[in-house]
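This is the structure, below, for whatever I ask next.
Think of it as A, B and C in the order they're written, each chain with its own count starting at 1.
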Amino acid sequence: MREIQVRTRARRELVDITRQVAAAARESGGSGAWLVFVPHTTAGVTINEGADPAVADDILTALEAAVPEGQPWKHAEGNSPAHVLSTLVGSSVLVAVEDGEVALGTWQSIFFCEFDGPRSRQVWLQKLE
Amino acid sequence: MREIQVRTRARRELVDITRQVAAAARESGGSGAWLVFVPHTTAGVTINEGADPAVADDILTALEAAVPEGQPWKHAEGNSPAHVLSTLVGSSVLVAVEDGEVALGTWQSIFFCEFDGPRSRQVWLQKLE
Amino acid sequence: MREIQVRTRARRELVDITRQVAAAARESGGSGAWLVFVPHTTAGVTINEGADPAVADDILTALEAAVPEGQPWKHAEGNSPAHVLSTLVGSSVLVAVEDGEVALGTWQSIFFCEFDGPRSRQVWLQKLE
């Protein structure tokens, strides 16, 4: 298993990690799939458009609207919306790899999703054949 | 990797692709799992009930309510809700296969989720053992 | 493929199944990943914090708010919100395994998500190498 380090800089942020995943796949070579797994409960990982950064901004805006802050949460740490978004977005993506190349669509990038930053985060990469 | 072609006919639509995935698994045979991956950023794939088409209608209705149109989006193409739904629903599902047969529950079907159609779309199928 | 039985006791409930998944991985040994798959269309599976049970409560509260009951659903069985939540949360998670040990973050547990209980439910476990 390989590990990527992600340093987030805001409460909520989408960080493009496509390059790091692609580099790991290329170094390892071969075909199959890579599991991109986030070992945190207030973050997630998603695949979406990386060309226009406004898309990531709009995703964060919509997620905040879907799970608003300031509700009477039971969890005392004040980050319940981050936990909910982690479940809605998901803790992992799985991407196919052919001859060491990650198979993504033209507009697709892989984003680490910070919902309770800023923090130092990890992403685990596991190869499946 | 195999590819399924999907021709969508509405702005938002759930298209049952279970038959195509099952056919690929049967032709290929063997056991393991198949990654059903959508290489688009304004579409997704999900597993849900295929028996009553009203379920797919209700899913689309609820998703539209959760991410309403007509907000002040930054992304200029006017399809930000489609990008958000792609992240919420997800770009892939992974299904087990035993002796060439896709392992799904009694009521489960695999649906391509169009959120910005109508368009010609692709679905990638990758076998994992 | 292995099967876990889950007996849910409420309409909506998150049931921690980490121990059962870990036991299956340990018995089977080896490294790779396990697909944790829910063969139902009104339930799901997610990874989130298991230490404080208030987190699971808050997740259920937020999901109910995001997909409210009492809308004019087409599906006549009255459980359309459960179908929608199944799609939003997802039918499976994939977790890496190293030498028979499930690789989860410090705070992560695997939860079966009941959205239309109480019922007897199954979870399928499939090993991938």
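The definition used in the following text is that a residue touches a chain if its C-beta (ideal position, glycine included) is under 8 Å from a C-beta of that chain, and two chains touch if they have at least 3 such contacts.
Since the model is a prediction, treat every value here as computed from it, not as a measurement.
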Self-contact between copies subunit A and subunit B, residue sets same or different by half: different
Fitted rotation between subunit A and its twin subunit C in degrees, CA, nearest 5: 120
Centroid spacing, where centroids are CA-atom means, of subunit A and subunit B in whole angstrom: 20
Residues of subunit C engaged with two or more neighbouring chains: 66, 88, 90, 94, 128-129
List of subunit B residues in touch with subunit A within their complex: 1, 35, 37-41, 66-67, 71, 73-77, 80-81, 83-84, 86-88, 90-92, 94, 124, 126, 128-129
Footprint of subunit B on subunit A - complex, ascending: 32-33, 46-49, 52, 54-55, 57-59, 61-63, 65-66, 88-90, 93-96, 98, 103-108, 128-129
